[in-house]
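As written, the chain order gives the labels A, B, C and D, with residue 1 at the start of each chain.
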Amino acid sequence: MVGGGEGAFIGAVHRSAAALDGDYTLVCGAFASDAIRSRQAGIALDLEPERSYSSYEAMFAAEAAMPAEERMEVVAIVTPNHLHSPVARAALQHGFHVLSDKPATLSLAECLTLRDVVAASGRLYGLTHPYSAYPLVVEAAERVRAGELGTIRKVIVEYTQGWLAEPIERSGQKQAAWRSDPKKAGASGCMGDIGVHAFQLAELVSGLTTTQLCADLNRVVPGRALDDDGTVLLRFANGATGTLIASQICTGDENDFRLRVYGDSASLEWNQQAPNTLLLKPAHSPMQQLRTGGPALSAPAQAHTRLPSGHPEGYLEAFANLYRTFAAQVRAHSEGATAAHTVPGIDAALRGMAFIETVVAAGKSEQKWHPFPEVGT
Amino acid sequence: MVGGGEGAFIGAVHRSAAALDGDYTLVCGAFASDAIRSRQAGIALDLEPERSYSSYEAMFAAEAAMPAEERMEVVAIVTPNHLHSPVARAALQHGFHVLSDKPATLSLAECLTLRDVVAASGRLYGLTHPYSAYPLVVEAAERVRAGELGTIRKVIVEYTQGWLAEPIERSGQKQAAWRSDPKKAGASGCMGDIGVHAFQLAELVSGLTTTQLCADLNRVVPGRALDDDGTVLLRFANGATGTLIASQICTGDENDFRLRVYGDSASLEWNQQAPNTLLLKPAHSPMQQLRTGGPALSAPAQAHTRLPSGHPEGYLEAFANLYRTFAAQVRAHSEGATAAHTVPGIDAALRGMAFIETVVAAGKSEQKWHPFPEVGT
Amino acid sequence: MVGGGEGAFIGAVHRSAAALDGDYTLVCGAFASDAIRSRQAGIALDLEPERSYSSYEAMFAAEAAMPAEERMEVVAIVTPNHLHSPVARAALQHGFHVLSDKPATLSLAECLTLRDVVAASGRLYGLTHPYSAYPLVVEAAERVRAGELGTIRKVIVEYTQGWLAEPIERSGQKQAAWRSDPKKAGASGCMGDIGVHAFQLAELVSGLTTTQLCADLNRVVPGRALDDDGTVLLRFANGATGTLIASQICTGDENDFRLRVYGDSASLEWNQQAPNTLLLKPAHSPMQQLRTGGPALSAPAQAHTRLPSGHPEGYLEAFANLYRTFAAQVRAHSEGATAAHTVPGIDAALRGMAFIETVVAAGKSEQKWHPFPEVGT
Amino acid sequence: MVGGGEGAFIGAVHRSAAALDGDYTLVCGAFASDAIRSRQAGIALDLEPERSYSSYEAMFAAEAAMPAEERMEVVAIVTPNHLHSPVARAALQHGFHVLSDKPATLSLAECLTLRDVVAASGRLYGLTHPYSAYPLVVEAAERVRAGELGTIRKVIVEYTQGWLAEPIERSGQKQAAWRSDPKKAGASGCMGDIGVHAFQLAELVSGLTTTQLCADLNRVVPGRALDDDGTVLLRFANGATGTLIASQICTGDENDFRLRVYGDSASLEWNQQAPNTLLLKPAHSPMQQLRTGGPALSAPAQAHTRLPSGHPEGYLEAFANLYRTFAAQVRAHSEGATAAHTVPGIDAALRGMAFIETVVAAGKSEQKWHPFPEVGT
């Protein structure tokens, strides 16, 4: 693991998620740029002291030099955004599989480079979009794929949070600080942080490809260098349209991440705040409540479910699904095979970076519609 | 009453709403353009046969000639859109107060003319935006007005329906037929029909004034002449932004009319499908569920409530609130006074027409932002 | 109308409900036992002064003496409980149809007498159990009747309120005062006031007949003479069991009236706080949300619906359904016919009184199970 | 771990829960009574082959003989019910701490014996009532303890499931088979399986002690030897009353476990199907939605929360809270200290067994009220 020292929320999430199914053992880490703090983090995690490194470069070099059966196999990257890409490149080049937090890179150009590194390395690359691994998101995508919704006509996706409604980045909140710093977060704040999750989910579930967009990005809290709010109009290749709302200044909202996909035969609605229910709205018969672990679910959704119905599953379980799926990919890869189900990979990374760059450019423009780069499809 | 013969949904709604509080008695009507059908409708409603007229012109002439204590006092206009304006003008000019379905007219120019007729007539003019008369919408507006939300930063308003997801206007559904006919509906389908309700509610509750907008209007069902779907980005005078989604092709949705208003101190959320709950989300304390008839409501909200808490109120009660409020206006007017609370009037009509025209123009344009006319504020 | 003067909540509900469909015109009333207050109430309701009476006896005598086409046809009884029965008897004996608030009488014996008066009079008798007239309660009963649930095994019905959690009857709240006075309310407080609604709904929807019960009744607020809380265990003729919870001391609850009926093929759940949704839970397929005005509803449910789906209907509309149905009964009766659908009548009254008496006796007994009288089935 | 071989749902839950926080490492197990199957389970879990035992007796003997720093420290018991007690006794007598699935024993007498074994062993004993470890259940108990509800007057607790609505125990469903076999499940089916969870939660959160009960237990599915449904009336020491509904034949229900606690100042409502919301209903101000990770929560609730608000937590996280808390207890114990917060222990076990025995006896009796044994308080 790279990153994830004390005080880092997402590092602990990765470790719990990886632990859930017994597919991973944490063997080493570069948890902090400070050697002592990295060592302390490693001790707290029961690592052998010499395998807590003070830099990712040192870790990759040392681990790569170890015998195959002892050395680390997969690197989890949980640093602030600006390090995702250099760490991933180095890891791949040293022969490690990579599971990286999003965004993959700080720019689309950098992501195209990363794609080449992935291809050259022969290693696996995965991107942690956890929302796509909820059982009922998997089900939603399956239903669309199976044609149950007919032709998709409209997508509405919203991700509203309130935790940045005040300038907490100025009073020492670490999570807020790097997210609002262009050097660490990249070209976008809110869109890069959560808009890209919404975008990924919208394309994943609808099966549609964005071709054009119009964007309104705002810096609501005075003094911010990056957007903390925005709305994006989407046009898809099949003629359908979409609306994407992402905001971090929605006072009182938690993680109100909601997706609606409208087809001409039926529609679907899913809400991350109540992730164990998926609403299916057929054109001419009553709405159905599909439930995690409940009847009538597809095999892939069942494979993403750990408990019988009525035992609520949450964010950690979704995150753990990514780790479990990636473990299956690594096992398949080591046997020269290909896994049937995969986590979002370098193509998702490319589309994410294309989204961020296009949205930022469109947000500054008086022109209404902007073409969306043809990458990652 | 003008319009509202057999098969007309909204005419019956008006009559029930007017009956609810005992403030009105239906005395005459021009229910249909066909004399026999108008007469039959009148008989079914227990009217004296000679007071069912075959045209609104005939009705206004005959009623105006009657003694003051016998003649009609208020005209309710429930015709298809294209007749709203000529009927209203004639009624006002004959000295009757008018309560009209929206839109007030088919164009902004026509609405400016209507404004002058209202002013010249000395009569009252009301527009039936029923959603604005739900008790908790009144409460929401009061809370904003009282400063409880702080500065408003963002508004999201959605009104999604599924009933036009198929071209039912081609198989004889009357409601759908006139709504999709530019001659009867005006320049816009979906935006003129329901988008304008969303717009009115957004401005009413937030207290903000729209200054610019960007629009994406779509004709999703092939063969339609008017928009049946769209998204509008709004900019308000205070720098806040808004997103307005209106669609009639959202398969399986009923009247999913939801409003969220985000301030820097607190936020509000209301959903017409569960109209007796208003969610108040303060920045630093738990969400509150305000309930129709429940504790902590303002006097205006209480005045819009008929039943103790726990007895659900619905659309008819909201509609009846408009009628009751307009009756109070008429009573005050007859005494030379002014009512404290009023239904949406000619100014709301002007802003509605400005919304429709601007949205239609912006929807066709490659330019992103379009100024919003300064009318009705 | 008898009762329903100033300050009486339920009288206004009856008048609004009766007005909703245009089937009734209020022509006379004995609104209060004080002649002047009754007259004032009548004036406020636009009645002719001489038709506001100071007693129901005077009203029945005077109206019965009027020509048939002028006199009152139906009496609505909205007095405190102790007057329901004498007023109803007198009205029936004078030849008027009766629509009475529940409970029909203060005792089962008195109700058996009333049954005989109804039979002898040849007039119609209706009891206002409004919850049974919600569209989706009608639907629920239809689904059970059609066998969709299979054999009914279990019923859970709850009606919890919080408005009597404090002794407000001692500080002049009129509604609370008569309800907690044994002379005016009868043998039971909470069970007679709301438990009997729960009982009626449970039997109506499940189609089952109670044969035995076990009861725990409590007087929670110190100083009360009548129960304000209780739980009843039910045994039905087919071997199914039930649990009925009724309480008026549930701090913070409004009218949380919820019914669940469990069959071996499917189950149903309905909640008065969200009355436009009915949950259907089949044994082996996803839950369905049936919606007022939505697809797949039976003809009787549609007949109890006024608006298209998505326009919420509430308590007043349910109440108005009783009035509309009773009007249809009266019309059928005057033509010598029988209405297909009827409001709860004298049989429902008998079962209600049997419930109250048995529950009160069982609540005081150390014996577990008590037989339920075979009346009204 | 004892039990939890292939096909055992709860064993996997225990392992995932234990893994979540990194406080436990699985070092040995007696997963099945068949030596080969136990060994295979151990291999799948990456255990050293010689530490997969064919019986718990063999495991305890072998592990107790190992050096302190290598041997097992805590035993998790996840067998069918009839083995819980003998395994626990043996483990304690060999010096191991025990975390056992409920019920602790098959009878109250056996549980009193177990209490003595616990006391004599000086080891810790914990019982896995996972629902009591949801963050908002902890919060609910804290709010009651702090007096925010005032005097508790009424408790309603329901746990309804539908998975045993059909006799699936006869078609080889293992989970159903042992639960409906009196030899393996004990004196009660439904009450012993889920009723006891409801009872534990009701006493835990309300802080009340049951003194009397009246029970109606049913065997709804023909052919069952044990109850699969029931309702229990409770009387508490402070004069409050309660209703407990537990059923496994509620077609279409999942794990509808809902608790309502009514005080004279405020009330609380929690539902396991949406475990991240707790409804607080004050007597005279609007309802509040308390949220996992949200504002205004107590320190103990925060300590039971892993993620920021808006990241839904579920059943596994609650279960993991038990493991984490028990790990803290073990650490404190090894240092001669006492943990501030503990999992349910032998006292909860005693009350659980007292509940089951009393309920079964009361269910068979024609006497209404039955005294509740004074144990475990």
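As a working rule, contacts are C-beta pairs under 8 Å (C-beta built on N, C-alpha and C of every residue); 3 or more make two chains touch, one makes a residue touch a chain.
Everything quoted here is computed from the prediction, not taken from an experiment.
Repeating the A-C interface with over half of its contact pairs identical by residue number, the matching pair from B-D, C-D or A-B is B-D. Each chain gets a centre from the mean of its Cα atoms; for subunit A and subunit B, those two points are 42 Å apart. If you average the CA atoms of subunit B and of subunit D, the two centres end up 55 Å from each other.
Subunit B and subunit C have Cα centroids separated by 35 Å.
The multi-chain contact residues of subunit B, meaning those touching 2 or more other chains, are 253, 287, 291, 294. If you draw each protein chain as a dot and join the dots that touch, every dot ends up joined to every other dot.
In the complex of the two chains, the subunit C residues touching subunit B come out as 9, 12-13, 15-16, 19-22, 45-46, 161, 163, 253-256, 272-276, 291, 293-294, 306-317.
Listed in rising order, the residues of subunit A touching subunit C in the complex are 280, 284-291, 294-296. On the subunit C side of its complex with subunit D, the touching residues are 153-154, 156, 158, 160, 162, 165-166, 214, 216, 218, 220, 229, 231, 233, 241, 243, 245, 247, 249-253, 260, 262-267, 281-283, 287, 365-369.
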